[in-house]
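Next up, some structures in structure tokens.
What follows is chain A paired twice: with chain B in the first complex and chain C in the second.
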Partner chain A sequence: MDFTLSDDHKALRDSAHVFLDKEVDLGPLLKPGATVADVDYAGLWKKIVDMGWPGMVVPEVYGGLGLDYVDLIMVVGEMGRTLAPAPLFGALAGVWSVLAAGSEAQKTQLLGGVVGGNLSLALAIADADGGYEAPGRGVSAEAAPGGYRLTGSKSFVVDAASADKIIVAAVLDGERRYFVVDRTASGLEVELVAWRDITREVATVRLDKVPAELLSGSAEDAWPFVRDRLYLVLAAESAAGAHAALDQAVEYAKQRVAFGRPIGAFQAIKHQLAEIAGQGECANVAVQYAAWALSEGDPRASLAVAMAQSYNSEAYRDATHRNIQVFGAIGFTWEMKNHLFYKRARCNAELLGAPASQREQVIQILEREAA
Partner chain B sequence: MDFNFPAEDDPRRQDVRRWFEANPSPTYKQIAQRGFSAANWPAPWGIGADAEMMLIIEEEFARAGIRQPSAFNPIAVNQCGQSLLTWGTEAQRQELLPPALACEHKWCMLFSEPSGGSDVGGLRTQARRVGDHYIVNGQKIWNSSADEADIGVLIARTDNSVPKHQGLSQFIIDMKSPGITVRGIEDMTGEEHEYCEVFFEDVRVPADRLLGKEGDGWRITMEQLQTERQSMTKPGAVWGAGPTARELVNGLIQTGKIRQPLVRDEAARLYIEGELLRLLSLRNLSNKINGKPAGIEGNIGKMMASPHGQRMTDLAKRTQGVAGMVKDKDVLPLPAKEYGRFTDWDYAYWFSPATTLGVGTQEILKNTVAERVLGLPRDSDPSARMPFNQTTAPRAAA
Partner chain C sequence: MISFELSEEQQIVRSTMAEFGKTVLAPQARRLDTDSCIDDGVLAELWSTEIIQAQAEAVEEEAGSRSPVTNAIILEELGAADATLALAMASTMGFVQAIADQGSAEQRARLLGGFAGETFQAAAVAMMEPRFGFDVSRFQTKADKAGDDYIVRGVKAMVPLASRCSHFLVVAEADGAADAFIVPLDAAGVTVVEPKGALGLRALEMAEVAFDSVRVPSSMRLGEGNGADVQRIIDSARVGISSILAGLSRGVMEYVIPYTKERIVHGAPLAQKQAIAFNIADMHIDVEAMRWLNWRAAWALEARQPATRTAQLAYTYAGQQAMRIADDGLQAFGGHGFVKAHPLELWYRNARSLSVLEGAAGV
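Let's turn to the complex of A and B:
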């Protein structure tokens, strides 16, 4: 039993920390009315690709680094801490989808492209109502000469606009299967939505008879596999983001003077920040335990990631809301960073289903264990 | 990083298990002689067990169905006895520790006073040196097990001409000394006395029962409170004891109450909190394995664990509806397990308001976390720097 991070983990986190502190500039987003288009999504991504991060979770047999999930949260945590605007979420979702549903040849080809830095991926699976239930309703597939054609639309697709290829979940003969389409294919339209978290690109993807290649491995359990890993990604972002929001609020409370004292001397402020610190500690162990459980293939891994995603979503929301309250009215303005964290927190909590839906998963797992 | 517990075939575990198999109903004296009472203490008292070995021993005690000395005699074995290793004399150790670890002497803590529990530093009980004795006068309150204790760990003021935290000293006293009166407190649960109040009237304490030097009392007491709070991070309903959220959810599943949508969501929340508190307390253990000292993070643990316990017992009680307002211990089914004093949800529920009061109120813990962990400015205490005898406000007339 050892809950501490190894020196390798810390070194990875520290290098990501230094890199992102240098490269991430949220300044352009702090102009009122700014959108994700105002930030250099592609430019930062190029540098991240040079760091080799897209290949982090690609197994070595496909040319990747084959790092484990504890390694992954070192980097993802730093991305979350800095709100780094870059399509890592889409890349990871794509990689895991290919790993879960692709044939050997497809894995070799697609993951090789990701590792080589000349292929960006995204995953289109949610329907317009935000649901992820199989088989889904949004897109249907039909056989066509030389492959398939997809028609319909998918919603809340993260990083579709910057992807070279999009993995699309579509219904084929009543079952959910996974297909690969070119983002530039004719009949495919990517429309950015006015996603409240302007550090992340989210789009609706519309398809009209778009030529597609079927991922021909087994599609069974592909989504739970991908979803569990994406829970980990969001939970890691949330834990780190909550700590960033706490740190900023503590710093501000030490400096801001009112009634002749730093406002952090007042118990009304102290007690609220202490509460956030407690939730932050729990969020940290939640995500570390979940990362370890996934890495080990532990039987409780699905439980661990659902717990982490649910708890950390709410801890992040509480921390960022409290952060705005401690800053006072200035924290409510667009030109401050506070709202960016708050919006990330809220969007992370809803993106893969609300925290209550993960709690339902937790109870269902416990009911099965008790049966 | 490794969240695995020591395995079933771990040779250290096998060793402990074999001893319990050879001694199926050991006395606490035998347990102490084997070094399992306070296993983390160095020989000859313990076996110098590291945190992982402590976990093994805890699990093997539970497996053997034996209440651990640290649960039966917690003040001696967990909170205070250890202070004798660092602050005590050899004579004190030889006299006091063997009967303590054998649970022949039960210990109690004598810290809080009617005039202040959170502000322990402002306590008023006096210990005046007269020849080879101290003469103690004053009153303590909220003392667990004082009515059955043989030994009391007393903090009293030996010098009121210095600021309040500097004039305190700690004594290990005989509770049977003439002049000590112990009265049980009728707390709101109406159960048998958990707490007592203790009155001192010209009690003679031999000078060789002073722990450390005069004036060391505050530091020693703070060490003991940190140790106590850290042990309270565990996810049990009452300060780490009693049923946990795992038992809560199992009880709700068994009774079918888990199918009610609001109960379901709340139970899931509590289960998650409980698991995270379990991980936090294991992390404290893991830090100990790695040689990190017991730090103030114990305050965070207790700050999170006490309200968690309150929410748990509250949900358990609410599932009974109006029937739960009748004195009735049958709340939810509980598997057979060592729960310490809190063997049912009903008692744990009616006791639960105490959990954010005892061992540091929730407000004091939040101050400590804010000031010591987050580094926010200290609360001003106008009395902290002036001689104590110039600060004492007159007692309000009763």
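Let's turn to the complex of A and C:
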């Protein structure tokens, strides 16, 4: 048992902290009616690519940094803390999909492109009802000369608009398989959704006989592999976001005076802050444990990530709700950042299924263990 | 380097304590609660685990056997069996650990031998005070310097197994700061007040102890000339109680699961109803959250890092969650939950007691 972060972990976290504090500007989003189009998604991404983050989890054999998941949460936590608007989520989803479903040649080619900064990816898997269950209904694949063609639509595709290629889950012969399509291919349309978290691009992807390449290692277990890792990403963002919400609220509670005292001196305020602090610590440890379990290939990893995602989603939502409560009326004006954190928390809690769906997984895993 | 793996020794301790708790302690919990007393036989069984003796005997180089993380593991397992007996162990463990950790060489040599023998020997940290508005940062018990001695005046409350303790570690204000003094039960001026009974932890015979101008030599000031780090004692106590609460919560969950699989309501087992199934998933997640926070705080104590914040959060969090879990567990059993045929009402009372042991956790 050791909770010590290594010097490398700390260095990675600190460099991400400094970099993102300097580069992230949420200012353009703090005006009525702002959308994700108001931030420089592509500009920040270019700088992130220069930092080498898209290749963090790409194994060294494909040219990546081959870092583990504890390393990853150092960076993802900072992305969550700052609400950095950039397509890291989509890139990671794409990388893990290729790792889970690609042939060696495809991994070499696609992951090499990601590492080299020439290729950004996204994963289209959710159906219109937000479901992720196999085989899915939204897109079907049919054989065509030289490959396949995909027809249908996928919803809630994170970072599709800024991707060069999209990994699409489609039904082939009654089973879910994974395909690669060019975002600019004829017949492919990406429509940004009016997603309430305006720090993140979410789109609907429609395909009409779009030429596609089958990831030839596709199998049913690809999604659980990817999903577990994406749970970790969201849980890490949520833990860091909850801490950010706490820090902001504490700072404000020290400054804002009511009835002759800083509002932080009132129990109604300080107890709320203490609640966030407690949940925030649990969220932090939950995500570290999950990252460690994934890195070690521990058999408890799937349970750990499902619990972390379920717990941290709710902790983040509570923290940002209370954060706005502490700020009072000013906390839900456009010119403050509070609402951005609340929206991120709310959307993180739904993006890969509500906390209830992770609870369902927890139950299933426990039942399997008990059997 | 970050790792969440228990050492081999910790894994062995964990499984041994789990088995001991399940087979030896749990079956006696109801009887002890009814009798409002822990009999000598049960105390002897607790003592037979040799946990306290090992901590009393450990020399400096073997500080591992006083590992706060291992203690947290032990107390969770005992708490899963019976919170009262876990606290009986934790109380003496807290005293021994404070002496071993902070005592001068002479204090360790003089006192620890008394906890390395073959029969149960209770001792306790006397921290709480019987007044509304008490908090652990302000003690009304005072220790005033009188020549080479201190004169301790005040009343301590909720001291476990008070009349069986050989010594108390009395936390008192000395020269404007919190300090700790080792006071034998038989010192002139020490009186154990008859226990008044309590909602839960009934068998623990928690009582007030009055210190009426008790003369304590300087040599019995914990750490002697250096004085005591009282905050570290408080932090350790909080982690200990929150570990017991995590164990208690796990015990509720493990008791509820088989029942909800067997109990048929509206044609299907309760466990298949989402309202129950999700509750159980929440219990599991919350027990894990409590445990990791406890271990995080225990590890900070072990690594001699600042632990006060995490220990306080762990205690407050565990108090809240354990109450919810005990309540949900009782609810899942419906009418069966509040009768003595099942332990849920006992666990509910114990959770309530533990969660306010240091004063209202919400305050």
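As a convention for this text, the second predicted complex is superposed on the first by the 370 of 371 C-alpha atoms of A that agree within 3 Å, B and C clash if a C-alpha of one lies under 4 Å from a C-alpha of the other, contacts with A are read in each partner's own complex, and residues count from 1 in each chain.
Rule of thumb we're sticking to: a contact is a pair of C-beta atoms (placed from the backbone, for glycine too) under 8 Å apart; a residue touches a chain by one contact, two chains touch by 3 or more.
This one's a predicted model, so the numbers in the text were calculated from it and none came from an experiment.
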Which term applies to chain B and chain C once both are placed on chain A by superposition, clash or fit? clash
Could you look at A:359 and tell me whether it touches chain B, chain C, both or neither (first, second, both, neither)? both
With both complexes overlaid on chain A, does A:282 touch chain B (first), chain C (second), both or neither? both
Between chain B (first) and chain C (second), which does A:270 come into contact with in this model arrangement: first, second, both, or neither? first
Of chain B and chain C, which one touches more of chain A's residues? B
Applying the touch criterion given at the start, work out whether A:182 contacts chain B, chain C, both or neither, answering first, second, both or neither. neither
Which superposed partner A:38 touches (first chain B, second chain C, both, neither): neither
Just checking: does A:250 make contact with chain B only, chain C only, both, or neither of them? Give me first, second, both or neither. first
Identify the partner contact of A:261: answer first if only chain B is touched, second if only chain C is, both if each is, neither if none is. first
Taking the superposition as given, does A:164 touch the first partner, chain B, the second, chain C, both, or neither? neither
Where chain A meets both chain C and chain B, residue numbers: 1-6, 9, 70, 267, 271, 274, 277-279, 281-282, 285-286, 288-289, 292-293, 307, 310-311, 356, 359-360, 362-363, 366, 370
Which residues of chain A touch chain C in the complex? 1-6, 9, 70, 267, 271, 274, 277-279, 281-282, 285-286, 288-289, 292-293, 296, 307, 310-311, 356, 359-360, 362-363, 366, 370
If we count contacts the way the header does, which residues on chain B are in touch with chain A in the complex? 1-6, 52, 55, 249-250, 253-254, 258, 264-265, 267-269, 271-273, 275-277, 279-280, 282-283, 285-287, 289-290, 297, 300, 303-304, 363, 365-367, 369-371, 373-380
For chain C, which residues are in contact with chain A within the complex? 1-7, 10, 69, 257, 274, 277-278, 280-282, 284-285, 288-290, 292-293, 295-296, 299-300, 303, 309-310, 313-314, 316-317, 362-363
The chain A residues in contact with chain B across the complex are 1-6, 9, 70, 246, 250, 253-254, 261-262, 264-265, 267, 269-271, 273-275, 277-279, 281-282, 285-286, 288-289, 291-293, 307, 310-311, 356, 359-360, 362-363, 366-367, 370
